[in-house]
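Sending over a structure as structure tokens; questions will come in a sec.
Note that the chains are named A, B, C and D in the order they appear, and that numbering of residues resets to 1 at the start of each chain.
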């Protein structure tokens, strides 16, 4: 039996006719964008109806991105912690080092096959979706412009460098909070301006319909694979953990287990530095988010009573987002997903533990899920299994992690290199 | 001998209490004095996805200065009282309305003196509840129609208009507010296609910056909507520049051809 | 049919009783190390005789490192270049981003099962072998000390950072040329001092017997996989390209095709800046190397008439090595391997092309093989296929590549970060 | 009344033309004058894998100063001529010998006045060709025997000795030259195990630094090999310190117990 899911999810997550999942979703965009969205809905419908499309998608992920990604046990960590065993789904091993590549390849094939537009735009937070988009654009011959909050450009400069090397134009967005939401606004503005020739490669399960459904469909490969892998080993997880920025890696892995009601699905949000406004990005856990409509969709947002979006914070650029997927919001409301938060400190500690004891360098984003599992495992019996989606690798976070750990020789090294580059 | 060119009305725009609560009131007075017939007051929003750099920065600046929903409605109320001959519309994004509540917003806006509201991010398929609230308050939810809207969708948008108001806001080009003008060959047929479908008054915005733009709309639209260009004139030369900017447009709107 | 090679190579590359492959090899070490080498020979023999060992090895690579790695076609590059099609074997997608992990996992299991020593040492050039060793040590619970030439510490600081985070001690070797060969000497000195409790995890197919044979055996997984993958697709490559530092990724992939005499095997060395002494690291191509005995083995070395080793240079830290595998030297002498060189400039251009046109960021090392294939492809007919071993990913090279391309915003970014770290 | 403790010979070491070609000749003269019986002259090598930091740096320094094979053999020739009572051995790494050619090296070294050569990185299994060359030139390939050598391998190493020379170099501890001393309880049994297997003269090196180390070897070995400690004495205080260093060792080597 192949681990690669050769068929798409049997029951894809699809919204109602208005693009709603329960109380959340929709497509709240300027009218100018409606034809593009309708065209995209149609392309997505066509893709879903054509088994060859999914096969091409999976084949490309297999040959270009090394799917299936493995599931890795953490014997040392489990021994240290006691309690439930923790397993990782290794999205960090994919091309570009994160789950983002799945969605991007899917949209790339869709654009090439159906939309036939020569230009792509994308927003990016941690830079991972931007790098993935730049990668796909280079490979499929699209022009690409990536919008990235100016603050994230600072936090994730190596990713900016690689995007540019792959031929993408990176635009630092200086508006608003200068993070992911502002990059999404900027991308939407670009799209509204260049409706004819441009496809917007949205990077997560947010934004106007059909993006949430479509990105969820592409990311289902993670969950379908993981479910097949665990089933092949005769393992049934008691819970599945994933970090939630927009929600794509979470929805991706959850789809393997949605129908198994005794598998708990835990979405872990950025607890940041505390519970105050601007100190975290927890929209679900702790009830920080309230219903609203922004960035093209209705969901829970961190906003004030007037509907103005608030500042957010996370040590992980990719979780530092003001809204959350309508699909996640709906599943949380229906009790199918439990939301938790992990603080910056817990996350840096989880990174440290995984590096030190298992030799794996996790992304700060993914380490939120790991931190929550680390918290939970000791309280559970050893015959339980927790599956954690390791959505990305941490190489990109060297500047943040080195800063958080106060690595002096790294600081000296940077000073020297900076001097060399100025001198040379 | 040519027919005398019909006049075109002017429609202006301000962001509530921007650059300050005193100055915006003076700007409204200038517009009223120069014969601007319709004024949009924008309630600032943190995510103004349809606005270009000038309005984007102004939205954020206003919010940073503490402008909120209450202050915006206060401005509306005072302006409507001070300038009874001007029609006032609110402009904002759907979340501001949604957070207030569809009915409450429509009722409060109407009571404060607005004829209707312009919401660039509320497509009509999702406007059912708000349209009902508007109807109940006899308040307009002004449709925005971009140039790529055609066929059945254009029919539907135009059919909607009379339900809620007598004004349609046609968008001259793709993109956001404040970007370059693009009054191409397609503008006239586009506006005509709306006229054919709706008896509503027709405003055209996005890229109307110069007297010649205004003049070009005579006979094609009922209102020329001028936003970014006016704010930029103010930024360059304060109230004096603002006044002469509007005076120039007003001349173009009604001078003999 | 599984692509994962569930059985080891049917005809492993084994030396004669003296540890020689033809005219090259042996074990030239101080007598104090002889018992360790004999013990290692025995452990390697035992491992080879035990099918369960190989299965455990492959299983670990599958679940921890995501094997099999895919083969990726390069449609755009092939279109631009014309001529033969180029395929990449994607070792860059493995855990830690290079083929080095294979060998390291193998030696880790061997140490745990048979040698039962608590401490590991390793040399590293580019830092990839060091990171791989630190990773394995963290995962298997060994103490690890990594010797790295001081110049390489400078060139590859991010790798140093990660090694330390994974709990390894990194020693900057200040002797001699301060590069890989000096790190090997330092590791041998440590091993001679700590014979009882330490295993030396040599990172390439060099050093005293049984290292070349053993590392080649572990790396054969690359070639066995690639051969099975191509066979499954009905493709027969006309040539296989691999860069040659010590030679482990080359020998690894070559082993899938050694028996097929009509498949040309091309080892690509560092052509550096020119043909003068100290300007390159081409021991075979261009005849720079002469027979000698150093670093524990007999092979071709870049040395003067007195037998003093010479300075070497390469833009790629991992190829900047004075000797070459006795197995490679032997196969080259017997005409089975053809040696070529690629210059620094050609290599940076190959990196640029692969990023720009295929969205893949290759290691500078691996890009030597790619550069040679890019040179060759246009002269061949389109029905030919060239297989290139993409031995590693290029993320680690950001400082070098940004420098070579003169990226100004990267320079400014470094200056700012350095200041932050000094201030904070 | 205890037996009078037997004497032990001293074996010294220099790196060719290090720190300079003049100074090394003076150092050899000092050793000869102080009664050092055997002197190793090391031909520097770029990869001295058995040497610790002091000799490692000295090897590289000598090479940087241009010391080569020819200069090293010239030093040997002059020293052997100047000090006929001292036995000279060469010490280097196998590559230096290999590049010269096994036979040519043995012949040239012998002709230049060396009794044999010490090669730390040429295990006996791989020394067949060189051993033949040595035999042809009546030149010694001195075996090095570390403390972890036992059983059949120790037998083989000891059996080899007389083939090529009458000297065995026993290594006191694991590791490289210049590291800490480790004269433990196992030293005597280790040396005895060699004595039992071979009639060769027995030198012990690696960690012999102080007069008490030398004294401890009386009755156990024929020669105490002193390398790094002497070079460090020279580095600290030049020829004067070097002289008094050797004088101290010489006293310990023969003074009544």
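Following the convention adopted for this analysis, contacts are C-beta pairs under 8 Å (C-beta built on N, C-alpha and C of every residue); 3 or more make two chains touch, one makes a residue touch a chain.
Keep in mind that what you see is a predicted model, and the values were worked out from it rather than measured.
Chain A and chain C have Cα centroids separated by 33 Å.
Chain B and chain C have CA centres that are 66 Å apart. As a whole-number value, the distance joining the C-alpha centres of chain A and chain B reads 38 Å.
Taken residue by residue, chain D touches two or more other chains at no position, since every residue touches fewer.
In chain A, no residue touches at least two other chains. With chains as nodes and touching pairs as edges, the resulting graph is an open line.
Inter-chain contacts occur between A-B, A-C, C-D. Across the complex, chain B meets chain A through its residues 45-50, 52, 56-57, 60, 63, 68-69, 93-96, 98-100, 120-123, 125-126, 143-146, 148-149, 153, 157, 171, 174-176, 179.
Partner chain B is touched in their complex by these residues of chain A: 18, 26-32, 34-35, 175-176, 181, 185, 188-189, 192-196, 291-296, 298, 301, 303, 305-309.
Of all residues in chain A, those touching chain C in their complex are 62-66, 69-73, 76, 90, 93-95, 97, 134-139, 141, 154, 157-158, 160-162, 164-167, 352, 355-361, 395, 398-399, 401-403, 405-411, 413-422, 424.
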